[in-house]
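Have a look at these structures, which come just after this line.
Next come two complexes built around chain A: one with chain B, the other with chain C.
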Partner chain A sequence: MRSSVSWLRLRNTLTGLTKIHVSTSSRRWIFSSGCAYQQAQPNSQNPVFFDHRPAQLSVTPLVDTSVPAHLPVVNAKRTTITRPREHTLDHEGFYYCVPPEQSDVIYGMSPNSGAFDMRHRTLQNLRFQWELAKESAIMIRKPALEVMEYVKNTNFAHPVVRYVIYGREGSGRTCTLTHLLHFFKDEGFILLHVPKISIWSRRYKEVQESKFKPGRIDLPLDSVEWLQHFLLQNGEHLRQPNTKLVTHKTYVWSKREETPAGSPLSDIIDVGIKRARYANDCIGVLVEELKRIVSESDHRVAVVMDVANALFTPTTIPQVDKTTVPADRLSLFLHFRKTLKNDWKNGVVVTTIDRKGIVDLPLRFDGGGNQFPRYLLREEGWAVMDPFIPVLVNDYSDKELTNCIDYNIETRWLQHVNAGTQKGRDELKVVSQNNPETLRKLMSRL
Partner chain B sequence: MALAARLSLFSGTATSTTRQTDWIRLFASVPSNLRDEAITEATEFRTLSLNPARKERRKFEERSNRTPDLLPPRSQKMHVDQDWTNVWPTATSFKPSVVPLPVRMGFAYKGANPDKYGNAELMKIPNFLHLTPAAIKKHCAALKKFCTPWPEEIADDAACDRYFPAQVITSTYCHSGTSIRNSKYRIVSYKVPLSRLNLDSHARDKFLRLLGDRYDRHTDQITIITDRCPTRKQNYEYAKYLLTALFHESKKTEPWEHEKAVADFERFKWEGSPSEAAATNTVKEILTSSTASNEPTSEDISPEEVKQFEEVQEYQRAVSDMLNAGEHQDSVERYKDAVKTMLRLGRFS
Partner chain C sequence: MSELAKGVRWTTSHLRLLLDQATRYAGPSRTSWKGYRGVSSVSGSPRMSSNSPSDANAPRKLSGAAVSEFVKNAHLNEADPKVKVNRAMRSYLERAQAHNMFMKQQQQDFEICRRHLANMMGEDVETFSQEDIDDSIRYLLPSNLFSRRSRPLMKPPQEVFPQEKEAQFGIDGRPFRSLFYTGLPNYYQVLYDAANWTRQLDDLEDERVRKGKVPPEKQIDLTGTAWKSKDEMSKMLLEKISDHDYRRFVLTMERLLRHPYAYRVEEFIKKYRQVLIAETKDLAPPVPKKDDSGKSYAESHATKKSCHAWVTLKQGTGKYDINGQDLLFFPRVQDRTQVMFPLQFLNKLYDFDVIARAEFGGNSSKAQAIREGISRCLTAFVTSEELELMRQAGLLTHDKRVKERKKYAYTGARSKPQWRKR
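On to the complex of A and B.
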């Protein structure tokens, strides 16, 4: 009640607000104040998205002469260190920018990169912010630094260590994963990145019966998308000449199609991308082969999985008898569960857990408070993941909150007259309760 | 017709007025000896004597309030150091002249409560004037020659609990009513510590389930309260029977009890849990792949030895604590620390 009153007050004091209309159908942005970051006109052949390439790494603050004079000039705290390995607790709360050449490969924000639809659906808030600011800025926060520290200290001859990132809704678990993705890419890991498991249980595209094991359910189009995503993130490893990533036995897809032993893993992926019917089985093969290969070679695999607890909760895919498909019959889930076990080496598993988008009856009636790992993983997830290292993501500290507001003023996303004042900041702090997601939603209207 | 009858009735009443006047005169405020005169001397003027003559009034007052000359009550002559047990040797109803106490009992709408003289309330209730400390002392002294010495082993309460674990609690009531008996006297509470029954884990679990809320886990006491039989003795025997039946019933294992699954366990059991297997395998794997020379190799180490490691033990405690007491920030942090130590990761500050 209190927060809603404050919010109304905040809305009522609006003066000189620059309206931004976002036309979602054509993805064209028009800035009514005249300062437009995006000027190109869209057409059906070449839809306009922000292209990172011409923008250089923005370390100095953006200064735009077309910005109204009442807006304060604020510089957010940033660091020029772009190697996540070198980030320390001294940089906590600072922003850093992922170099565009890496950002494109890891996060694939350009529409030309494969699996665009999946990426768009899973990372859209971040994508929106990055397009707007013309840079892939990530705030350096403690949970990511913590996991990096552990990974640096890990003996990779030991079984893989599992990390479960948990925290309140909107506290920045997925953003922690983006920082870690950059870290793993920078360290030369093969990324086995699943952007959001729960989209497969709720927002699936096409459903078919598995041919490999009767009774299982395949999601061919979603699997093709994920294979494209995997290929884009790990092209440099897979396309290497004389790569060690080769199959150890022959896989027969049909009477005429087979992949002989010793062929590179990219062949398996190509089969999956070209023949959607086999895409699910290709993912299964890929997971098995990767686990086997990296345990014996010097390659390292980082499994980065958002909303991993969805692997153990039922889906909404309907069946003929009016029931829904349980989690242990969706072949994608079964394949990715194998990566969470610690029966392989030379790898690391980083997962998050979430309540949102989970099709689980108890979660609807539990009051919504419990975010803890054992509760969300349930019996099955616990049996697979234990022992893991839980990593808590807290809401913004005051330092982080200040820097986040500074960044948004600097990039002219926050244009309210009171934005730069102490009063405005205090109000944002109180209304958002230091929660990053709430703060983002608040600022998107100011 | 009806109207005419009424009219005649009315006229009939009117004719008898003179006789009524004579009848009324009988109730005049005149002494009865004078009444005849008054009737006869109807013509004389009479005075209404509302305030009788002072002489007559005095005569009336002298008649009342005359107390007979009696001896003063015995209680006023008592010495303060007298032996009360001789004055009041047995149970008897209250006598105001004997009890040298200014007791009052009962209720008055105005003024103080009625005093002890002529007080029926004091006589109704049972008194304990024959059970004064002095009387009990005398009684005990008289009984002492029949007693044996107190056993030296039962020097204190702890020893008493050790040798006599069962505790039977009854209450005796004196009812203030037509009958001195109160029906609550029959209730028997039978208490015994659960640990003294020497049950194994299965029997204990079953015993507690059968007991329901009759077990207090803070004091480890079983309390069986019986009140369904009419007398105390019957209730006491029934309580003993119940305890015996529960004891033997809990020692039985029914065929359906083997269907109890992990989800039905009251508490997390480390032995045989997936956590135990996972932790043991992981630690064993870590030891196998460890290159340090001072580490023993996996051939030398059995799973039982792995479970005895301090790291695994701490992990066991953390997991059990988290799953039994419920997840909260502290228990999750403790689990995290335990896993970090077990997986040999450094501390993050």
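On to the complex of A and C.
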């Protein structure tokens, strides 16, 4: 991975043996921790190989008695409160574990749970961390607490309130969303969750012309994946007997296929999953129906959308005339734009904005630009989203940083000899500048 | 052509005069031409003899004074055909004469030029020193040539033209010493002396052992000195020494130095040592200033390749402001570590705020220029011990390397275009 640095003669921290080798061919993680003995003596207490089988998620922290002598014994601050509703500012910077039964439904980290590829591509860093630590730990941070506080006090009889989570790169916007997802699930919301909008504009799978409206572009396979994801997250609502989530009119897919009025929404989803050609249109129907039903019933919908500003920026999908597809011709984008409008009730919209994930030449060559909503949403997005509540995600405070390093030492992700010392911590702090993503990258090679 | 070449006749009186002059020049230890011996009797007393070998073997240079005196008198007296002057000696004298005349002329020219230059610059002629000359040349003939040796200079002729050796043989053409035939007499004389001293000291040690005495705990204080470099030795001995020769010299001297009685030949050893300059004394730390809120700060400017960095180090809490961003201005870890290193090295990570502006160059250059700037600023706030530590860590050394220019017909500085057989 990284060779030892020779450009600093007196440097004695942050350098050292490579800890983890990733063998890409077999896609297995091998702990070597700089010593060969672990690899030579695999046993049940000291797991050496890891594969893609479902992770054994547990609430209790990993307890391993065979701590090598040079590793400090550190315990990160945790809370046993697993209901996000009960988290307060007293728990700021603490870790809590999402219970495995909920975690598998919301985040679906096991490959058997469907829509694995989309989730894998969007939450992979978190996924690796959770898989290696054998627990789905999330740090409780202020922006998530702030949004939860607002939602708890929201009058749902009014049009939906929109939140835009912003902050600089790597400050933890997506992780804030994971905490909020758990919160909404725990509160009984129907989740309309898009892990990352920009994968549809940048890393799409298959493209086809829309049958519904000529000129529009469909992404059938991506749509199927998203429908599976939706079904997984909201199975309990959709599969209920006597559910109120039913269509109000008949949808005719072809001469022979139609979904009659009054059939449950899961039928629509099944059509989309089975017939990829109609998946895009199914999503459109689903969004329209949900907005209509929810406004009149006691169901609540949480729209959680990562990199929402990608809905308003051009895609990289090529066209015959060597131009790319503009955002307002991608049918998926058009469907999800409808959820952002505040013409419905009994819902909440939480979005993040990002500068990196989008495809827009002026934004890529803006010499740094800034991270503020007005700049990133641009004219078009602003017109849709305004008014909204901006929520700023800052970098780690010193307390959070310390706890994060502690957690990584505890789970033995960080195994450097100087990791536990004050000098090592100082170096991590300064080099990462308290930025969570930068810290993660730094620690990933130590 | 010198006057000697025009067929001047030689007389005994002239030659005696020449010999006297030469004797006076070479020092008191040499008593006669014929009886010259490089080293005093080896088998004699182990005590230090009064005619130290080192005195007698100072490298001899052209005795300009003697020759000029000889020449002055030459045309006054009659020629004496009885005296036979060896052809080699005559040739040497001619060369010496020519060199002497040349140097005299150069010296005169230099003096005139110095006065002219002083007048041009509007300075006092009498107090116009060499430093003033250098400044004036730099001002009047500004040169951007890469090689410093190629830039215009004006130095006294003694510094510009190399010194030449004195004759190693007498009028009859016989060399004064057998080492003449080695080709490097002065060099081998030094080796011989060192070996000879070692032997004498060995004898001394044997005698002491026989008497049951132990050597005293005396050591030569050689701190802050090192053996003269190869070039220095070449300059001193007026002989061109190879790497191999120099290694042999160092080995021989080291062996002498290890001797328990080496303190007895301290004078001889120290002649071949040179004093190392304490570098930290030359550093001028920036003067700390105070801002409006009473915090002291220091400013500096540093460069690396084409990058310029202006750094302000202010008492604070460890914040970074680099071109308006924090340390993540540098996307690579390596660059961030570079910037952080001086403060981390002195355990002052949270004692100062860094405000830096870095322009031109790439990320790596910017980081290293800022690092150097921070180090310089830090010198205003640290103790002398810390300063020495910083110097040893290489933090105060300017990296003067620059990009090598691209050469015509090459694809880069050195790389050639791919060659293909036609």
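Just so we're on the same page, the second predicted complex is superposed on the first by the 396 of 446 C-alpha atoms of A that agree within 3 Å, B and C clash if a C-alpha of one lies under 4 Å from a C-alpha of the other, contacts with A are read in each partner's own complex, and residues count from 1 in each chain.
In this section, contacts are C-beta pairs under 8 Å (C-beta built on N, C-alpha and C of every residue); 3 or more make two chains touch, one makes a residue touch a chain.
For clarity, every value in this text was computed on a predicted model and none was experimentally measured.
Participant: On chain A, which partner's contacts cover more residues, chain B's or chain C's?
Facilitator: Touched residues of chain A are more numerous for B.
Participant: Once chain A of both complexes is superposed, is A:Phe128 in touch with chain B (first), chain C (second), both, or neither?
Facilitator: After superposition on chain A, A:Phe128 lies in contact with neither partner.
Participant: For A:Arg374 in the superposed arrangement: first (chain B), second (chain C), both or neither?
Facilitator: After superposing on A, A:Arg374 lies in contact with chain B but is clear of chain C.
Participant: Would you sort A:Asp426 into first (chain B), second (chain C), both or neither based on which partner it touches?
Facilitator: Touch status of A:Asp426: second partner only.
Participant: Which bits of chain B are touching chain A when the two form their complex?
Facilitator: Interface residues on the chain B side: 263, 274-275, 278-279, 282, 285-286, 289-291, 315, 319, 322-323, 327-329, 332, 335-336, 339-340, 342-346, 348-349.
Participant: Per the contact definition, I'd like the list of chain A residues that touch chain C in the complex.
Facilitator: Listed in rising order, the residues are 5, 7-11, 14, 368, 426-427, 430-431, 433, 435, 438, 442.
Participant: Taking the touch rule as given, give the residues of chain A at its contact with chain B in the complex, in rising order.
Facilitator: The contact residues of chain A facing chain B are 89, 145-146, 149-150, 153-155, 157-159, 161, 342, 345, 370, 372-375, 379, 382-383, 386-392.
Participant: Which residues of chain C touch chain A in the complex?
Facilitator: Touch residues, chain C against chain A: 318, 320, 325-328, 333-334, 336-338, 340-341, 344-345, 349-350, 393-394.
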